[in-house]
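Before I ask anything, here is the structure I am working with.
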Amino acid sequence: MSANTFGNTFCLTTFGESHGKAIGGVIDGCPAGLHLDYEFIREQLERRRPGQSEITSSRDEKDEVEFLSGIFEDVTTGAPIAFMIKNTDTRSDDYKHLKDVFRPSQADFTWDSKYGFRDWRGGGRASARETLARVVGGAIAQLLLRKSGIKICAFVSQAGWVTLDRPYTEVDLSAVYSNKVRCPDEPTAQKMLTHLLDIRAKGDTTGGVITCVVQGVPVGLGEPVFDKLQADLAKAMLSINAAKGFEYGEGFMSASMMGSEHNDRFTAGAGGAIVTATNHSGGIQGGISTGSDIFFRVAFKPVATLMKGQQTADRNGNDVWLEGKGRHDVCVVPRAVPVVEAMTALVIADHWLRNRSSKI
Amino acid sequence: MSANTFGNTFCLTTFGESHGKAIGGVIDGCPAGLHLDYEFIREQLERRRPGQSEITSSRDEKDEVEFLSGIFEDVTTGAPIAFMIKNTDTRSDDYKHLKDVFRPSQADFTWDSKYGFRDWRGGGRASARETLARVVGGAIAQLLLRKSGIKICAFVSQAGWVTLDRPYTEVDLSAVYSNKVRCPDEPTAQKMLTHLLDIRAKGDTTGGVITCVVQGVPVGLGEPVFDKLQADLAKAMLSINAAKGFEYGEGFMSASMMGSEHNDRFTAGAGGAIVTATNHSGGIQGGISTGSDIFFRVAFKPVATLMKGQQTADRNGNDVWLEGKGRHDVCVVPRAVPVVEAMTALVIADHWLRNRSSKI
Amino acid sequence: MSANTFGNTFCLTTFGESHGKAIGGVIDGCPAGLHLDYEFIREQLERRRPGQSEITSSRDEKDEVEFLSGIFEDVTTGAPIAFMIKNTDTRSDDYKHLKDVFRPSQADFTWDSKYGFRDWRGGGRASARETLARVVGGAIAQLLLRKSGIKICAFVSQAGWVTLDRPYTEVDLSAVYSNKVRCPDEPTAQKMLTHLLDIRAKGDTTGGVITCVVQGVPVGLGEPVFDKLQADLAKAMLSINAAKGFEYGEGFMSASMMGSEHNDRFTAGAGGAIVTATNHSGGIQGGISTGSDIFFRVAFKPVATLMKGQQTADRNGNDVWLEGKGRHDVCVVPRAVPVVEAMTALVIADHWLRNRSSKI
Amino acid sequence: MSANTFGNTFCLTTFGESHGKAIGGVIDGCPAGLHLDYEFIREQLERRRPGQSEITSSRDEKDEVEFLSGIFEDVTTGAPIAFMIKNTDTRSDDYKHLKDVFRPSQADFTWDSKYGFRDWRGGGRASARETLARVVGGAIAQLLLRKSGIKICAFVSQAGWVTLDRPYTEVDLSAVYSNKVRCPDEPTAQKMLTHLLDIRAKGDTTGGVITCVVQGVPVGLGEPVFDKLQADLAKAMLSINAAKGFEYGEGFMSASMMGSEHNDRFTAGAGGAIVTATNHSGGIQGGISTGSDIFFRVAFKPVATLMKGQQTADRNGNDVWLEGKGRHDVCVVPRAVPVVEAMTALVIADHWLRNRSSKI
């Protein structure tokens, strides 16, 4: 019920505001006996950290995670794992002039209306900085899944107008972090970077698409009928700030396909296992994983904070001219890659544990 | 936790298999004092009923809902509302030959693997007939919302290759049910029908897209951070059989838009209320409703059961030729329209009640 | 969240009113592959059925359970198991005069206040007839537990002033159902019966205590810190109509014991397993089962409906003289025995499944 | 689902081990707009702090709570409220010799068995120090309830053999904290103190009973059928370390009462409101509050850690003589009083919010 908790068995609760003392979370339901690879967790955080290139925000924080509980001699104990990342580079005064202004396409107006007021410092709870806690939770979920051979890899497949025009099966997934835009195809990555710098030069922003692939998932994850695997993935993705769409397998394209073209026939695979000959389904049928790769795409809207001026209104309905300013990303997708991976890991880990009760 | 329950405060649990005794559900959390308009509920069920036209399955059932509890003198009492719809036109023998076969892109293989066996009669629990219970639950949610002036309307905006090329604001939403394909634009509806009959003649099937609009939603519905309104809508939609994608507002299009183009500036509206001048956001910002129309699109894959033969495998990995047969829809979207409306109503009603606790 | 659902992994939702169409429930989360022993379920229902002796209500219903879903060839499929028991012997006119009256110590006043009105026929949803659904759900949970050697046995250890003054270890638990009061010690049972008939003759009622023993529970069930095994048992018991108290192990007696007297020291048991030398703890330490017998006691208040007249008020605050009438139990405990067993089974089955996620 | 979370709408998640970095929690679902009285919260913590008298543990920590999120200018924002209390006076070496020993009637054996190992430092997660987080959460719940005139007061009504032999209505509830044993009747308090010092001198420990009273609760709180108010209170109480029993109203005494004696007849009260003439029911009927005082009693077992030696076993089944040592309470009830109040506040606040959805 709690709106800041995600998951049923492997649960992550997050807390914290952009300019509060800390961003953090509590993981409840992580089985005992998992050895924590702190270096892996640190790497995931590093990947979403701002201040890394000319296309991301220059807010500079080390984002060091401090674990408060649930671990004994580097192994999970079955008790809740609490952690926090202190906010250090906060400049709340930068936001004071926004106190009574509703910035376009931000959470200012809706949160203020819902709760009667808002913490206006740096976006408060609505800040994408909250995703730090998701990355930590997701990293631990990934560590759990890796022990079973499940791997998650996301990458940027579209930035603004530039799209990667090859399927994930034809790119080198290990190359995602070899460039700033997180696109594993180097020529496309270069085009994306040029495009983003161009947009940035105009004081504008844009959106993009992230593709995510999950490999090594066993057959059987997902719970009919409401907690279908794709339903929980869709919720996870749409809970990320700025996400506007989700599709898996052939997605929206499937709407205009013929059944004879889209259907994945079964056949005997290696070792006699039943497999699908094709994978238009995206690794999920009837809400349950087929054993093939799960893949999906998530669309993100343009960053709402512009570096050029915009018209909007204050809480009294007066027109306000909002000067462009700040240290914001020109496009959210490069830094959202580890967040997509984290949310995916939370969903898969949760269903991996839930599936332990499917049979007597 | 329970996988067959949807919602947090307004909860629907569904049960039943295609060829079992009944499909039904339990609504828990419906406030006391709601007068039930049985005619409205009956109409919603009628809209998803098969056997209505040449493009839908010929399975013919009256689908009469019987209420078992929670109502006293036609008013909800606050107690759980249980209901069931008996299965009458079941022909299980039609499915006996499928007992050991895994039909392409159906739930046969995954359910069988997950649970160790399956109820193979008519698709069992994985049958779209389960959505009957969602339609009843959603109809009651709609009755609740209507008392607050909230209205939900879905329609077919794409069927196979034929798309409606006008925004929802330019069509007459009251005309949705004036034709068999559930597209409110008559010329487009005709093109869709021709296209579907053509596909049917070839023994094939196709997919489509449903657009849904929610009007009259007050500002403030939705719970940050994981239970954002769009996240719960995405989960609701992707939990519908055959759904492959969800997008709201500008959706995937927003990925290539500029921030200056996509942002919705605020301004003073009628009566001094703060409103957005445009609605690229699709009625939700920061996970919370803005007061503008909420609109989104749901993609559906082609129907997996074909009227022509297909290759697949049985449980031993032997190749099997599956004869085309049965009485199935050529395209799922016309009958999925009331299901999309129902799931939308469940989400909005749930958040409408949850929002009662946002302030002291 | 849903108030009519019990359990986290093995979940029972109940529905129905005393004089509505049916009492029923939905079990969600029962693993696939459990063979249902219908005779066992029928027996459990038979044990709570009224009309069996001079100390119970004469309402006479066959209470036949009809399963609607989730079972295929007598085996659970993993899908929700819905069931219902039709109400047949309802005489709503017997209650018409109570429409505007608040009977003493019944749910009339509080439900009416909470919901604005109430279904006054036979107690509506507040009727103990709702426990029928718990007995069915609990019977299926018991079938699941029996496969792991876990057995549950409850019995009447106090009826009015007559108490069984021997510990459960000194009575023959297989003799519980050999008499009408459900006390396994025949001389005590006779005293109880005489006492109850005496009270009945005076038009009065009384309460009692049920003791419950769970044998064969493995070490490790229960979840710290809020979902301790005893906490979930306490909730389960206090959710039964008329229950007023719960204690496990030495219970309230432990308050005046010395630590040196109450502590259960550990020692090597059969096969080298660690066991406690005594069991003052009642089979649970730190919220988790020790492997010893779990035992607890549940207190029930006197039946509120009297066969003699009582003073009370109507909804306008006018004094009303309530004539004694009806066909009610003189004491609730004999028929509550299977309900206590059922709720215990639900708790243990739920924790038995939850424990599957305790380790990686 | 999450085992370390309590509540449905007003939710508290706790984390932390006795000798870890911190004990803390996250409150999710606290409505926006509540002004936090930090002094009140500090007082509640002070009341459960050890080191205050000769009958409590000498572990001396300041237990200062640090809030990390969810508050803006001292007012709750609707976002999760995270907080922590650093552990400072930890002497883990004191516990090293217990690493492989299972102390009698502690959580050592069961946790070790469940999770495969345990954090043996100071009791780890099973330490009563975890209740610090409950006290903070409960204090905020109390602040919420106080705005509606609901007050909670608990006190010691039994310590070892010494019992307070007057009902709560005949004692001065404001005097609870005027003495070290938290019994509002001074002569009884003195007897309790003498008794406890006597037990302590013998190196032994004992148990006790806490009575709790909730005043000002409106009619209508509580949710049938499983989430009855008393059921949630029972769970809350039995989730407290060392609690062994719960009873409300006449509790176990009601088992031997006659219906005519126990029933609370209704009558017109002040201002024409319907009230009960007596309150044997303990303020709850049919699972829902009547508007009268809610009162209940909670039994606690003797403290398991003795100051004298005890026999037990290690993990290999070898007999071990456990030297008495440490700085522990002779009786848990004095310091458990604010914990009982806190858990009560969590239950009432949760139901107070849930009740907002009872009617349309």
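Which chain is which? They are A, B, C and D, in the order written, and residues in each are numbered from 1.
By our rule, a contact is a pair of C-beta atoms (placed from the backbone, for glycine too) under 8 Å apart; a residue touches a chain by one contact, two chains touch by 3 or more.
Only a predicted model underlies this, so the values are computations on that prediction, with no experimental measurement involved.
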When each step joins two chains that touch, the fewest steps from chain B to chain C total 1
Going by the touch criterion at the top, tell me which pair is linked by more C-beta contacts: C-D or A-C.
C-D
Can you give the whole-Å distance between the Cα centres of chain B and chain D?
46
State, to the nearest whole Å, the distance from the C-alpha centre of chain C to the C-alpha centre of chain D.
26
Cα centroid separation, chain A vs chain C, in Å, comes to 46
Residue numbers of chain A (touch at least two other chains):
1, 3-5, 8-9, 14, 29, 32-33, 78-79, 111, 114-116, 125, 224, 358-359
Which residues, counting only chain A, touch chain C once they are in their complex?
1, 9, 29, 31-34, 78-79, 144, 147, 224, 353, 356-360
Per the touch rule above, chain A residues touching chain B in the complex are 1, 3-6, 8-9, 14, 102, 104-111, 113-116, 125-126, 130, 158, 160-161, 199, 204-209, 219-220, 222-228, 230-239, 241, 243-252, 254-268, 272-274, 276, 280-282, 284-290, 299-306, 308, 310-313, 315, 317-319, 354-355, 358-359
Okay, in this complex, where on chain C does chain B touch?
1-5, 8-9, 11, 13-17, 20-22, 24, 26, 28-29, 32-33, 66-70, 72, 75, 77-82, 84, 114-119, 124-125
